[in-house]
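Chain IDs A, B, C and D follow the sequence of writing; residue 1 opens each chain.
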Amino acid sequence: EPPPLEQKERYKVGFAQMESNNPWRIAETKSFHDTAESCNWDLVATDAAGSAAKQVADVDSMIAQGIDVLFLPPREEKPLIPAVMKAKAAGIPTFLVDRSVDPAVAKPGDHFVAFLGSDFIDQGKRVAEWVIENFDGDKGVIVELEGTTGSSPANDRKKGFDDRILQDERFEIVASQSGDFARDQGRQVMETLLQAHPDVNIVYAHNDEMAIGAIQALELAGRKPGEDVLVVSIDGTRDALQAIIDGKMGVTVESSPFFGPLACEVMKRYAAGEEIEHWVQVEDRIFTKDNAVDHIDEAY
Amino acid sequence: MTPLVSMRGISKSFAGVAALQGAGLEIEPGEVHAIIGQNGAGKSTLVKILTGVYRRDAGTVMFDGKDLTAGSPREAQDAGIATIYQELNLVPLRSVTENVVMGYEPRRFGGLINWPKAHARTREILQRFGVDIDVRQPLGSYSTAIQQLVAIARAVSLDARLVIMDEPTSSLDDREVATLFEVVRALKREGVGVLYISHFLDELFAICDRATVMRDGQTVAVRNIADSTKLGLIADMLGRNAEEIASAGMTGLGGESRAPGEALLVANSIGSGRALRDVSLEIRRGEIVGLGGLLGSGRTETARAIFGLDKLDKGEIRFARSAKAPASAADAIKGGIGFLTEDRKAEGIVPDMSVRENLTLALLPRLRKGGGIDRKREREIVARYVKALGIKTASMEQPIKELSGGNQQKVLLARWLANEPELLILDEPTRGVDVGAKLEIQTIIRDYVAEGGAVLLISSEFEELVEGADRITVLQDGRSVAELTNPGITEDALVAAMAHHEERGPA
Amino acid sequence: MLDQSAFDLRRYLTGNAQTTGVFVALIALILFGLLRYENFGSAYNIASFLNYNAMFILISIGMCFVIMTGGIDLSVGSVAAFTSVVAAYLSPYGIEVALPGGILAGAAIGLLNGFFVVAMRIPPFIATLATMLGAKGGALIISGAQTVSIDWTSNFTKLGMEKAFGIFPWAIVIVALVAVILWVVLEHTSLGRTVLAIGGSEDASKLMGLNVNRAKFFVYVLSGGCAGLAGVFLASGFGAGQPLEGIGWELSAIASVVVGGTLLTGGLGSVPATIAGALLLGLVFNILNFENGRGTISLSAYWQMVIRGAFLFIVILLQSRMSGPVASPKEN
Amino acid sequence: MSATEASPAEKGVMQIESFIGFAKRNGGLIALIAIILFNIAFTPNFLHPQTFFVNISQVATIAVVAVGMTLVIATGGIDLSVGAVMALAGALAPLIFTSSFAEAYPMLGLAAAFVVPVLVALLCGLFNGSLVSFLNVQPIIATLILFISGRGIAQVLTNGNLQTFSHKGFSYLGTGKILGLPFQGWLVIAIACLIWWLVHRSLFGRYLLAIGGNETAARLAGAPVRRVKIGAYVLCAGLAGIAGLIVVAINSASDAARIGNLMELDAIAAAVVGGALLQGGRAPIFGAILGAIIIQLVKYTLLANGVADEVALVAKAGIIIAAVYLQQGRKE
């Protein structure tokens, strides 16, 4: 059983962010800061600068400061298990946000209260399904731009997409290289792969930033993204929606960073003694040219 | 009796240029054996082959009757050869003790260094040389002379069968040289062989038994010192006959002195730090002023202060028309001062740069042409000085580090002469320079003064000072205590002046 | 000769001021934390702080040895990541196997560094830069680009998560042991003195007949071994073999060493001061976290970077003020 | 032989010798040829002109930074802050030309967007150089300060946000072409020639090499040591600033967290592969360009041939070691 949470006027809430080197994380942190005011939190926010070990140490220092509740986006599945265990031992209920930990060791409803978020594998799978449905050529030659090598969203988004797309014989992944989730890297990698594989007609990027980079590379090489090359990715950023509106990109599966309000709501329910489902699933929308215009103003 | 060392047919070339060609060397146990030869004759190279620093291209080396091919200095040391290299090779950041005992530390508790014993042993060894210092201090906080003595102490303490000394006295004063000789004689009594390299022929006559003469990478003669004359040895070294040389005189400084001009530099009671307390001196155009004094008397510090390297705590310096002392080296050079430093390796050469670049380093501001360097003029100037000073170099593009010590010194001298300064400060200008080159350098200095330049000359060689200087300001413990004027200065007078106030401080 | 008191003053200035600076700064920062933040001095905070920083202390000490020879080891972070993976794979066999296994893996990479530097004469900066890339690649390859689970049922986690005799975390006990041993090696063995001599002047050390190559191999193997041990801590204390950890560790280790008064050109160095340097830099993170918790201002991650840089700047300023030139009296 | 005029025959011999010397000195060149041959054999479409352009545009930033790095390395220093300076300059430019001022005065705004970031970069160099030359702070540490906080400052300025824009004039820097060749390519050539002249024909350059070779000797010969050292850091930072602008211009976006990430390592590796000595005294400018090209081609080769990222890291490590080893072959 996770530790209970008493009902109070104000809570001291810990939010141990893993890194702040991309727009998505920044939007997520901002969402927690914004929620702190409306939800009556004293927010202790730390930043682990991309190190799982430092994230554990950050959680430790929050425990030392006596927080009431912990929201943790664990950078890695396994390395953050000690943080979850320590929080439990200190009597602090923990909610995992946007990524989870290894379920073989730490379980929701036991070591932590619940996982709030979407499913990276599923995101990849949904992109694949959209491609299968909407690609009208005979032969899909795919270049995949992976996220940071070894990071869990990269691993999962690859797995979800690859497993699904390869069930259809029309498709072939000719190259799959890391663009480190960054626009500049995505562009450089795409430029290179385009030289080696000029026949590519589908680009799947693990996030929108790399997709934008790929679009630039395609344009620089005189190709027409959206016409002769289909670009698809995940996240739902403003730039990606704009690209969809401009017809340069096919689809982006949403992966919303705005966890603050959800976190507030779930925490209140837990304090009230409600049973919390182990996975508070976030509905990821899917943006295409049909709905991009409607959502671009809420994108980050 | 088998010789202690027997080297035969040794050859060695660097990048295709032969430094040694079939050189040989033989030393008996208990013998003090000298190698003499001009700069670049190959003396140091021969030594380095014996001690495993360089690998020979050809030849055999026998040590103590056994074949010795030392692959590293350590192997040579273990075989019983202790060496003091020409360029000081110690670790300035580490303590005196460490520099002496390194590699042979006394142990305790199964392997740990016995520091108290190490310090005590070091203190004891140094005391044999009359040096009483805090052995825990970093070696670098002591003067070159002390460092030289430490290097000697280290070598002597190794209980070797052969001790090699490559120009050990180049930065020692007479008293220390005397102490060193005592030690050499003691080694000899113990049956230890000593290989002694020096440009001071007097020293050979004082302690050496035989001398091997080298010229252009070859051994040209082996002489019994007792049967030789100075002139004969010089003739061997230079490969000329003795009469020719005899007519030329022994130092190049003793020219006819001329009437000195107006005052160029006046230092009034200057002081800076602990080493320079109260020095006054005056230098006039067209004269050589010597600075006499014992080791550590503050001669180098005086020079540094004049050149603007050390801030003055007190006193004032007037140079030429300017009432202000230079604030930096660049300032001093612009004002017309040049400073040849005593430590060629650390403060003089830029080892990887060519002879040309080294020679014109101080001249650059004047070679400026349209934002760049006037390379044509640069080459002309370098070619002129290489020729005028007889610098032995393959080309002006050869890295200076590949030149022998004496030739490096000439390049540095040329660096300053090319600048045509009004005042040239020379700190030990002929240190480590062979007789021939020494003569040449002294002549160059004399010529420079004859054309109206002024020189402040620091030298530990009394002969050079006494013959060369028009006046000598004598320093002691950082104070100027006497002034002697030529003609009329004798070595005895100089020594007396230097020692005069001896009782005052605990020097 | 020269009077003794002057010498003592000089020794104080050249020998100790380098290191006093860091101790003064460390104590000042600790006092600041104690006075300003509740729970800063709690046993929990101290233990977890030390537990996390144990890894940095280790690699800093290893780095200190390398730097004393005038070298540098940029590979420590990757090596720790690599050995954390190795240790994770070995964890089912228990700590008795995983601990030496991790250390050996690190030492092996150190040996490779030593080979590049000593035998191939590649500048240390470049040699270890290459092994930094190589070890990272290696870690990703053997782990299949995933974090590697440790065996939670074996005694492997004891090391990082339990306390020796119920008081001190094991990691701290081991680090203390390593530190004492290496301090003795440095100050009281000829190997240690050779390390310092090489940094002072490699040529001179060779001519003195010191075994320069052996000592250089030693420091790289030592640094690799220390990083290896840090990797074992990482796996044991942080729950997995982590091929992506260790980024930037080399720079914080270098900073710790320098803040501890060691010259990057080699020839000087102290184990205790290096530890103090590592603690000092680690403390900045801890204090920033506490500052965030006070709620008065909330420092964004970027401000934290700026503040860390500024803090390093201040420490460096203080140090250069207090120590002045040490290298040789001829400088300046 | 004394250094007088050489006869024509001697000159001919000297030329042949210097060519052999050149080949020996440039192990890098051999490495480059090997990589190119490999690519021609194995990489699809390698000889396609577009491949050439892609590589030129990608190598430009590394090359520009490596040239600056070479100057700093020539003084015996190192500059870790180049990546952070790139980020700072890159973050500033869009801030300026998307400001209301630039909207009011487009031309002035555009000019300011080029000039101000570079000026700020120069200031960073001034900061680094002053720490090194006035306070005697060791270069790694001096530049570590901006390495840590420079990027933080850039992120504070932009609030961490990605700034995207579309601006024809500014993007020319990254996407423009002259005679069919990317504009950055020309820029690199111009910069390299200018800096080469500076190093080999100007007083500054001679002093730079002298200081790197023996600082004390250079000072005593009247070299303005501090000014020259600061100059090297300022130039290096300025060039990093330009590189930052190029990156932003190509991407039409500026992400302070990412611009120039790990650039310092690539630049140092390029400089050393190109023949720079980390202890100073040498500044092979075209060598640095060569080194940058090698590093770029290695990256390209591995990517184009589908080598997995983690294997690519190991391969890169091996190639760096091999290139530097070849480079040093001449030193027996």
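Definition applied: a contact is a pair of C-beta atoms (placed from the backbone, for glycine too) under 8 Å apart; a residue touches a chain by one contact, two chains touch by 3 or more.
Everything numeric here is computed off the predicted structure, so don't read it as measured data.
Taking A-D and B-C together, the chain pair joined by more C-beta contacts is B-C. Chain centres here are Cα averages; for chain A and chain C they lie 34 Å apart.
Mean C-alpha position of chain A lies 72 Å from that of chain B.
Distance between chain centres (mean CA atoms), chain B to chain C: 43 Å.
The residues of chain A that reach two or more other chains are 20, 149-150, listed in rising order. Touching of two or more other chains is recorded for residues 346-347 of chain B. Contact of a single residue of chain D with at least two other chains is seen at positions 155, 160, 216, 309-310.
Applying the touch definition to all chain combinations yields A-C, A-D, B-C, B-D, C-D.
Chain B meets chain D in the complex at residues 307, 309, 329-330, 332-334, 339, 341, 346-353, 355-357, 361-362, 364-365, 367-368, 371-373, 375, 382-383, 386-387, 390-397, 415.
Chain C meets chain D in the complex at residues 72, 116, 120-123, 125-127, 129-134, 136-138, 140-141, 145, 251, 254-255, 258, 263-265, 300-310, 312-313, 316-317, 320, 325, 330-331.
Note for the complex: chain A touches chain D at residues 20-23, 26, 146, 149-150, 175-178, 182-185, 187-189, 191-193, 195-198, 209, 212-213, 216, 220-221, 239.
The touching residues of chain D, when paired with chain A in their complex, are 43-46, 48, 50-51, 54, 57-58, 155, 160-162, 164, 175, 247, 250-253, 255, 257-259, 261, 299-300, 303-306, 309-310.
Interface residues of chain D, counted against chain C in their complex, comprise 78, 80, 131, 135-138, 140-142, 144-153, 155-156, 160, 216, 265, 268-269, 272, 277-278, 309-318, 320-321, 324-325, 328, 331.
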